[in-house]
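All remarks here apply to the structure that follows.
Chain nomenclature is as follows: A, B, C and D, assigned in order of appearance, with residue numbering initiated at 1 for each chain independently.
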Amino acid sequence: MRWLDKKMEHSARGLAQRTSRRGFLGKLAGLVAGGAATVPLLPVARAQDNPFPEEQGDPNSCEYWRYCAIDGFLCGCCGGSANSCPPGTEMSPITWIGTCENPVDGKNYIVSYNDCCGKSSCGNCLCQRNQGDRPVYQPRISNDLNWCLGTSSNIYNCSTAIIIGAALDT
Amino acid sequence: MRWLDKKMEHSARGLAQRTSRRGFLGKLAGLVAGGAATVPLLPVARAQDNPFPEEQGDPNSCEYWRYCAIDGFLCGCCGGSANSCPPGTEMSPITWIGTCENPVDGKNYIVSYNDCCGKSSCGNCLCQRNQGDRPVYQPRISNDLNWCLGTSSNIYNCSTAIIIGAALDT
Amino acid sequence: MDKILATVVVGAWLVTAQPVLAEIQPEPLGVVETLPETYPAHWIIVQDGSFFHMSDGKFMVIDADSDEPATRFKGMFNGSFIPQFYQAKSKPEMYVAETFHSRGNRGERTDVLTIYDKRTLAPIDEVIIPPKRASQMPLLYSLQLVDDESLALVYNFTPATSVSVIDLSAREFVGEIPIPGCALVYPMGGRAFSSLCSDGTMLTVLLDDNGAQASSSRTEAFFDVEADPVMEKAAIIDGIGYFPTFMGNVVPIDLKGTTPSVGAKWSLVGGEAGGWRPGGLQLTGSDARGHLYVLMHPEGYDGSHKDPGVEVWVFDPDARRRLRRLELELPAITIGLTRDDEPLLLATNINLEIDVYDANSGAHLRTIGGFGQETPFLLHGSH
Amino acid sequence: MDKILATVVVGAWLVTAQPVLAEIQPEPLGVVETLPETYPAHWIIVQDGSFFHMSDGKFMVIDADSDEPATRFKGMFNGSFIPQFYQAKSKPEMYVAETFHSRGNRGERTDVLTIYDKRTLAPIDEVIIPPKRASQMPLLYSLQLVDDESLALVYNFTPATSVSVIDLSAREFVGEIPIPGCALVYPMGGRAFSSLCSDGTMLTVLLDDNGAQASSSRTEAFFDVEADPVMEKAAIIDGIGYFPTFMGNVVPIDLKGTTPSVGAKWSLVGGEAGGWRPGGLQLTGSDARGHLYVLMHPEGYDGSHKDPGVEVWVFDPDARRRLRRLELELPAITIGLTRDDEPLLLATNINLEIDVYDANSGAHLRTIGGFGQETPFLLHGSH
């Protein structure tokens, strides 16, 4: 609870400046991002023959490019990773989708924010960013919904950010 | 959660001095006691013809004399009082017992710490003091037990401190 | 009963308890407090989503006039897994739509509409509903009552969308109304509700005497879902819903009848410079005078629609005129108002404490924290 | 299965999603991490009672060697309402005795022994047990396994005390053994357990092949419940239980056979001035060398037996000799140790973070916090 409190103080400062580009929960997560930033930013570059895009940055920081429309606990801080679920959870088959720009190649990619389900809130690396987010009447791009649907349990543990395609015409 | 954190900092200071006379949860509650202490200490004196003992102090402070062997959330901070349960809860019929000295008359009284049950942790005025507390093999004087027994729900909300008699030979 | 049992059993314990008792009058056991049927106007109900322990959400009844940390807490009741909440105006009842699993975070799912007595904060009944209740951040229009509060409507998302209809007098689930492509429940006059749709229209469903669908209709598209989508977080004042838009406009929709009538969009911002936009979790409110309150932030951008607000702007919605700007002590994510003529403006600040303001003068009266609140997502004035 | 379904359904969403997709290799969906069957020696299991949300307790698997906040968190599993926990040594299973109500905090109570797979942190089975499980602050000796980990024993308190016996191979509850006037479960050699009694004796029950009581015996009274009661928070080293007393002594009890043999009480404090006493929530531990660790505080008084400790004293219990004093960075309420020869000493400090020390040198290595821990009552080295 101490860490949340720190994040709140952090968020208060951040908000007072009114310059942040992230939502209030994201701001709460700011300090965790800061904490994870004690981890040196590891380039996650991949071989050229690899169809995945090159990336860099800290996948456990709320600032990471894939999280432009996420809302929840980053699975990488919960025993999973940016694209896998923690042990004993179940990945939701359907979810909401964001379109985020990869700073490495300047391209936009479609990111699927599949939730991991069946255990209670991980509690780590809470992150909310709302780029392109829309109200729940547009569910496929709404991060206010719990997407633990079609899973054996409705309970939300954390969120992944899985690249499922590149966006054209952006 | 902020308040808990404050209480923790408070407890850290208190503990560093190693002079406190209360347990760690009690120390956590220190700040709430402090908070409640913004309430002036109201004498709760009663008429002489009244069979109840005279008391003074803040019944919502962990330092209050009745709480010498309590462990839990003070019901007075939860919608109840030192001797009544919050709305919608159910008082446990049996519980653990402490023997506390009333500073007003210097007498010892038997205090029954009946738990209030059926709603989750109240979360306010967490207080632990262990005077005369014994391990669970002596349940009637052990505050480690949840006494929500014989109630329709086992779930613990807060604890009262009810005077059920005066102790002789003390 | 409890009191008798309590006395007896404690007596039994004391037979073996040391030291023995002198003769004084013991205090009564088993006493449980109750609350008035109508809460004082400045009591509020804090809806804590418990985002870090969602299966153990809480609703806390707080006296927002009080500066006494201990005694301003009047009681609480639970709500499981980001519940939806509705407080009846015509009877001392409150409703919680909630979700349980047979093993806490796993096992069989059961959704229920739990009915609470305002005087005891105890559940007096429950209605089991289809396990489809929308699981999402708390929104006022996920659970509503219509037809003089005789029918409860629960929004479902599986991701197919529908509405569960509960007959509150019979205390039974009576049917499910599909609302494909649409979301949420906005109460209409009579036995009808409306929903916002992804094509920019509003769907309206009229219910028959059995709570089944009698007829449905759709408005013309009245907003551009790409350029300036309406927010679902409307304030309904005298039967007119005021829907803010992402870009700082507001669309008034008359919901008094059984078919909505969409009014002309007007701007909340007018000529104001600074890129002001509405934003937050619950960002609108209203008072007894019928004034509209909107949580606003400057330097708006794509994605700022849930950022905390730093001011609350108060409007006369009939005159489409801003009456005042209230600067907040701390940025806030949610606002609420009390029901009286000297209303309090309540704001969940970014430390997740409750700031209390005089809604007329904007004066900051107090900050209420340290009452076990964790993530107080919604603030409800009481009835 | 999930992966296939996932791909299909997400595909369906994308048909209607804007903007359309270019051809790149999508990342796989549905991937779930797993853990090794035997955990690295310095992984620990943090038992968070979630005192403020008891129905949503957590067990968190943490790499205590790591300084990376994100990646040191290996996973979690839940435990409901101050659960009891036991980690098997002979198989990759963990056991959680927990309590559920059909409506979260109300409704019908169900107690279960949930069996977890260490590799998946997923429940692989459950055994429903009588709804009598002791509901109390977490104690190691509320749930134990005996007879080569073939029988699980759950301590019950209603307030009548008994022990539920579960056959782990058959995965079934086989019986309940009353232990009137006694409490908790200390594992003995073979199919037997002992309990501490309020008259200062120890009760021992021998179980037959069906898990029913074959015979029972009682020791002589070996401690004075008034003058110097033993604490229930013993460390068992090579089959000998070391029970600290309130006044700073320790009583060794040989539990290797089917009847306990009580050894001579000796002093932890010796001639040390300052009023040192053992105290805390879980205040004892041991390492692979068979050394005894005790959390100590000075200026002891009536009621200090749960106060945080400021030093950990390490003893050679055979020689009855103190080997070292480890001064803690912050006072601690609970200690634990890892299983290896270069053990870590783990301490839940009064900020409810985990301090990690080199158990041999006493050097403070790191503080682990900010991983969602709320009230980490017990710290378990892993197997």
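By our rule, contacts are C-beta pairs under 8 Å (C-beta built on N, C-alpha and C of every residue); 3 or more make two chains touch, one makes a residue touch a chain.
Everything numeric here is computed off the predicted structure, so don't read it as measured data.
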Exercise. Common contacts of chain C and chain D?
Worked result: A, B
Exercise. Quick one: which chain's Cα centre is the longest way from chain D's?
Worked result: C
Problem set entry | Centre distance in Å when chain B and chain C are each reduced to the mean of their C-alpha atoms | 34
For this session: Give, as an integer number of Å, the spacing between the C-alpha centres of chain D and chain B.
Result: 27
Problem set entry | Per-residue overlap in chain D, given as positions that touch at least 2 other chains | 52-56, 78, 104-106, 351-352, 372, 374
Seminar exercise, completed: The positions of chain A in contact with two or more other chains are 1-2, 4, 8, 94, 119-121, 123
Seminar exercise, completed: Note: in the complex, chain D contacts chain A through residues 2, 5-6, 9-10, 13-14, 16-17, 19-35, 56, 58, 61, 67-71, 73-78, 116, 119-122, 351-353, 369-372, 374
Problem set entry | Footprint of chain A on chain C - complex, ascending | 51-55, 81-82, 99, 101, 104-107, 109, 134-137, 139, 157-159, 161, 182-184, 195-198, 225, 229-232, 281, 297-299, 301-308, 310, 330-331, 333, 350-352
Exercise. Where on chain C is chain D touching in the complex?
Worked result: 50, 52-56, 78, 80, 98, 100, 102-106, 110, 112, 114, 123, 126, 372, 374
Problem set entry | Residues of chain A defined as touching chain D within the complex | 1-3, 6, 32, 35-36, 38-39, 51-53, 60, 74, 76-81, 83-95, 97, 99, 108, 110, 112, 114, 116, 119-125, 140, 150, 162-170
For this session: Flag every residue of chain A that touches chain C in the complex, lowest number first.
Result: 4, 8-9, 11-12, 15-16, 18-25, 27, 68-69, 94, 118-121, 123, 126, 128-139, 144-146, 148-149, 152-156
